[in-house]
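One structure follows; several queries about it will come next.
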């Protein structure tokens, strides 16, 4: 069971960026937590981060060759990116959208997710733990479809 | 660590209601899963279901006397209920909003959550598992605030 | 052939309430007309009135145990109630929405019906007669599905 | 008691046109049902069908010379035609708007009726039976105004 | 100097139609006033009335062969008719839009004129006199362009 | 002179709920102030609080049997409740809408009041004193209509 | 028969200001034309121009002491000024709104007139002649009300 | 304790202006009531009326030199005036917005108050008494801040 | 393989009407080009032009008896005509929408096509050549469905 | 005559991606058809595909050095990309927008094209054939401008 | 080279008004800075401040007699004043709009400038320095047009 | 004092692209002016141009290692890019938004800046000089924060 984790733009600055909203853990720490949780759940993970919409699309496309599920935090692209939405629709892998902060409790434009329409579900507001819960959800999805 | 789980209107018909959207498990089955997961996580849970907005408000208020966190699926009230939003704001307990289906992938009016603004986070789209993930998230929140 | 008739909020004040809009018959008189028409059509009817959204949902749910069709005047809930819409969708009984006044010829917000989307059809503007026409429509629906 | 029945544009194709929405009866069959019901109710009916907005206006105007009530299915003009609305307002005959399908359960633009504001009431969603119910409603209106 | 006067839909019912809004003069009376005023101003007029959008377009097109200016009361088409707007743009004759009632003081949708964009100007609210003022304005336009 | 005072949902938590917005007096204290002021003004008051829309409607209906005026703080229902609006319209008693906080200086959705349209006037922003001013306003209304 | 003519802001710059839109006549020339036409029609006129909303309101109020009708070009205030609307409503003199340019054929915000709702009618698009037509309309209004 | 009372535009015509909305008392009568109530409450008042936005701003600024609170009826400026809003924000004196009529029960644009956002609270719908209630509210505000 | 070509309103004035937008070819010239291209492609064509919405609907209906595909330029009806949309849906022949000008590069209201929803595709912006490309597209559609 | 063909994001997955919408041909097949058609038409083509907005902009810029026309399918960027619009405006080469599916018959947000405003025309809905028609259109444009 | 500097409403309170937004310098200090910078740049300046829209319009008109450029901070009028926009359009002097605070980073209604459409450019967010930069920009504009 | 200057997409075509809007200087010329002005002001500058949103984000991130302020012209990304907004928020360096043209005087969508919310201020409309003014503003910001 292989899961691709995609961090969208600006997440490389985590820990430093508006810690009252995004927490004070940096991305390496979070990736460490993801890898640890994945190992415990018996999942293989590959993690990518990109500030570029095109690279995110490529990563989604390449997931076809390796992953069985995608966990994606599209960050600022969540609210506008038809092309990421289209990419997720195109590959038809089960995807889970993740947000560190609660997108419903911030600026109004953040409450709307263009990309979540192409996902199985969405988890937002739990900081790094949003990813860990998503791993668990991904595992359940894969187990269910395996039977 | 005590968690109140609130099921909103029409969830008493689960299993029977639009199974392609909400799954074919009935509410008792889901409650059984919630209780089992809670036990494993060392959480005490109380579960209520109500089709009445006023009873849901009362349940939120009464949580002050017993619970340390709330998991709530406001169902159809998610999109319109200022009074449930106000109730959650008033008690200031950490709350987690849960949805069986992915609210971003249905009718447009379902993508907007009035109530999630008063919550720590939201988990939607994983069927009964949304609740189980919420329990796990609740535990982490309570552990963090305990330290 | 059994039909549940549900009168929504404030209809208990009929006769007294804005008679230029709602007519001067009180609810008992209207219920008498409904019962008489039902008897003539060979329909069994049960009539409930409630000012409470939750009770209306319960009545819709309970219809599963007794009725084969629902006639509902959601009154002020017509324009906002996602939960009554969800309840009607959940029970999947044929439902007919009824209004005493013509909802298209009043305040703009009354022209939109949230609940009618979950119904077979809608009859509005004929005063008490809207219910009588709905009974006739219900009978035809039941006869058709019986063959 | 004389009633003019007006069928709007494209209704001449009934039976053939999207039967899942409009039913499989053709317009002649429906007109036969209308004439039969009218006869039973003691109403004289004249039936016209036109694909032209201007002819529909003319028919409404001419109703002044013959009819005491109008039953109209403006079809696609329901949602946009100020001129039919104005025509109905101008003649001030009691009018009943009829739709085969439930206009609240289709594309969003169909839920709004410009023309119903000039009518006594509206009946939608019961297929050919919408007309039959409208005849009955018309008769009651005429009897009431006759006393 | 030849001016075509076009009366739009429902104006044939003038005098009879909502006299509190449109006045109690019938169309023949108004046409008499128009002809008298035109004669005094030394203008030749031709007057047409139609309830059909297509005939109004044809009349505008045919104006090319006879008239030097157009006075038009598009009535209910004022607010929606792109095709009349296009026709006026196409013939490029000076046109004056006229309304009996003050379109800014009625329902909100009447305040917007699609067709006036293709006109030199608009006169609304003076009853039959709106036409007489328009004749005077047309004369001035033609005299100016003649020099 | 008898006045019914209705406190809407969540007001039972006053003192504890967001004191920076709603003040730190609890509901009993406020009710004490209301009763004292009423006594001084020579008004009889009855006070109800409910978290349930249906009970609020019932209270408004029952006011017909006892009260000559209504003071109502619909709280979160202010912005959405057509049914409370309808109830106030139905009983046609003079009603005064009251808010502890200034509804124009908070979230945008709170600036709009559905229910105030059915009231004589509205007083908002003065904390508990909003009720006391409303009592005084109610007295004046009743004295005026008594003469 | 006395008519007050009010020129709104920036009209003192006529002739110099965007001549392709407003024409090349200056305000004195236009006032001369107005006075000449008024004399021919047997009307007494007083003409004021102001760049200040407050002075325009005062002029409308003072019209009560002298004028029987008002001709007003509110210029840029046409589209926003509730206070001029209120002033016209308050004095209840017949008022005619005038515009040099065709307000329907410019920026979209100019098509909406807040002030015209309080007027008998509106004449726009004929340059200085808009005023002359308005004088004629005013005379007719006064003659009619005199009989 | 000194309170400045500001009457906005057109209020000088009170008594004469739409008495069904604004009552039949003229401004002098209302000012007399205000002065009498102020005297009874032990408040010093200064009253100004202006039809000019700029004078209202100046009055608000000058309040800094004399008043401890402001009562303002911005009339038609309520719904549009950013500059009065800014003036009230700038002086940071407690202000109370007052309306004679119920702004929620009139044209839709009147329900929105731009200026109330800069006030402590708002009282609307009680005719002249709105001012008297505001005096009482002002006194309470000043007493509270004095302790 | 038979194709019906429908030219909508005002297209009879081509060549004369705003040549900078629509080109300087008249309709006969364009029809000649269409017939020539059709002949080369082995298609039979019938061409109709009408300024009347009703005639266009009739033409679409009659296409059932003769044509296998429709090419339609609804002109000004493109943006508003539900009835033409309904007619195209009803006959279920493959239809291609054509525009001489680029509808996305003109007034904003022209960018939206109501009628294209009922078509296979749309070609806009190439002048007369839009029709020639549509013929080619129609041929391909018919060949594909023939196999 | 040289034409640059640009395929936007996700088109590299054609054949595999939602074949009911986009057809079952893969991009190589389509490119083969494009090259074959170009050869027949005597056009030189260069084809690029990119999932990156920036690369698409670069390709448009570089077209200045080689191509005389551009055929572009901006895919998901059609509806949002101001920067591609700006790039097309900047190079001022004739451009043709192409879509495989009919953008007017899908989600509402797809009906609006930001980029088509900077193009000569648009062809949508004919699958791979949309490109072939665009080649033909491009050839005609280049031939016309060559004379 | 002569430049008129116009300070709009409430700027006379600078230093005292919301210093966290507008800074703590008073208007005299800022005017001193402006005069000093102007002197260094070799510009003659005249500075006016007014709380009255009409005086601002007059000042813009009078600039025709003295100034070659205008620097204007319309303050609260920025977002609503069509009449100041019209005044700037009318005089056709190069104008520069200035704001102390960043209008894009405050309430949403402040992001829109009605008046900037009539200016060469806009400088916002640099406190008093916004004016100094505008002087420099004005100088460059005048030098350029002088050559 | 080190300042990073970022030119967004399509600015590499300056001089060639719509010179009536953007001027006829090419980017090298502008960069030369920037470097000259920076040298005179004692600022170190680094200049980057990119057509890629991701590279712009990277440049903003890297500014953390070198620059003390950012001057950015996001070009077409100004109006839509949440990710650039997020990047600017994340690095929390003082940023100044610059535009060659006046964004308030072009298409309506250009008046809104998503990115300016994360900046200290904005300068638009002065061509290349917008950058030079921004350098001066940056210097002042850095000097102020240095004290």
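Order as written gives the chain letters A, B, C, D, E, F, G, H, I, J, K and L; numbering starts at 1 within each chain.
Heads up, the rule we're going with is that contacts are C-beta pairs under 8 Å (C-beta built on N, C-alpha and C of every residue); 3 or more make two chains touch, one makes a residue touch a chain.
Just so it is clear, the model here is predicted, and its values are computed rather than measured.
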Q: Determine the shortest chain-contact distance, in steps, between subunit A and subunit G.
A: 3
Q | Shared interface partners, meaning chains that touch subunit D and subunit J | A | I
Q. Smallest number of touch links from subunit D to reach subunit K?
A. 3
Q. Is the contact between subunit A and subunit J built from the same residue numbers on each copy (over half shared) or from different ones (under half shared)?
A. different
Q: Compute the distance, rounded to whole Å, between the mean C-alpha positions of subunit C and subunit I.
A: 46
Q.
Need the CA-centroid distance for the pair subunit J / subunit L, whole Å please.
A. 31
**Q.** Where subunit L touches two or more other chains at once, by residue number
**A.** 52-55, 80
Q. Every touching chain pair, please?
A. A-B, A-J, A-L, B-C, B-F, C-D, C-F, D-E, D-I, E-G, E-I, F-H, G-H, G-K, H-K, I-J, J-L, K-L
Q) Can you list the residues on subunit J that touch subunit I in the complex? A) 102, 104-105, 111-113, 116-126, 129-130, 133, 136-137, 140-141
Q: Sort out for me which residues of subunit L touch subunit A in the complex.
A: 52-55, 57-58, 61, 80-83, 85-87, 89-91
(Q) Which residues of subunit E touch subunit D once you look at their complex with the stated criterion? (A) 8-10, 12-13, 16-18, 50-55, 75-77, 79-80, 109
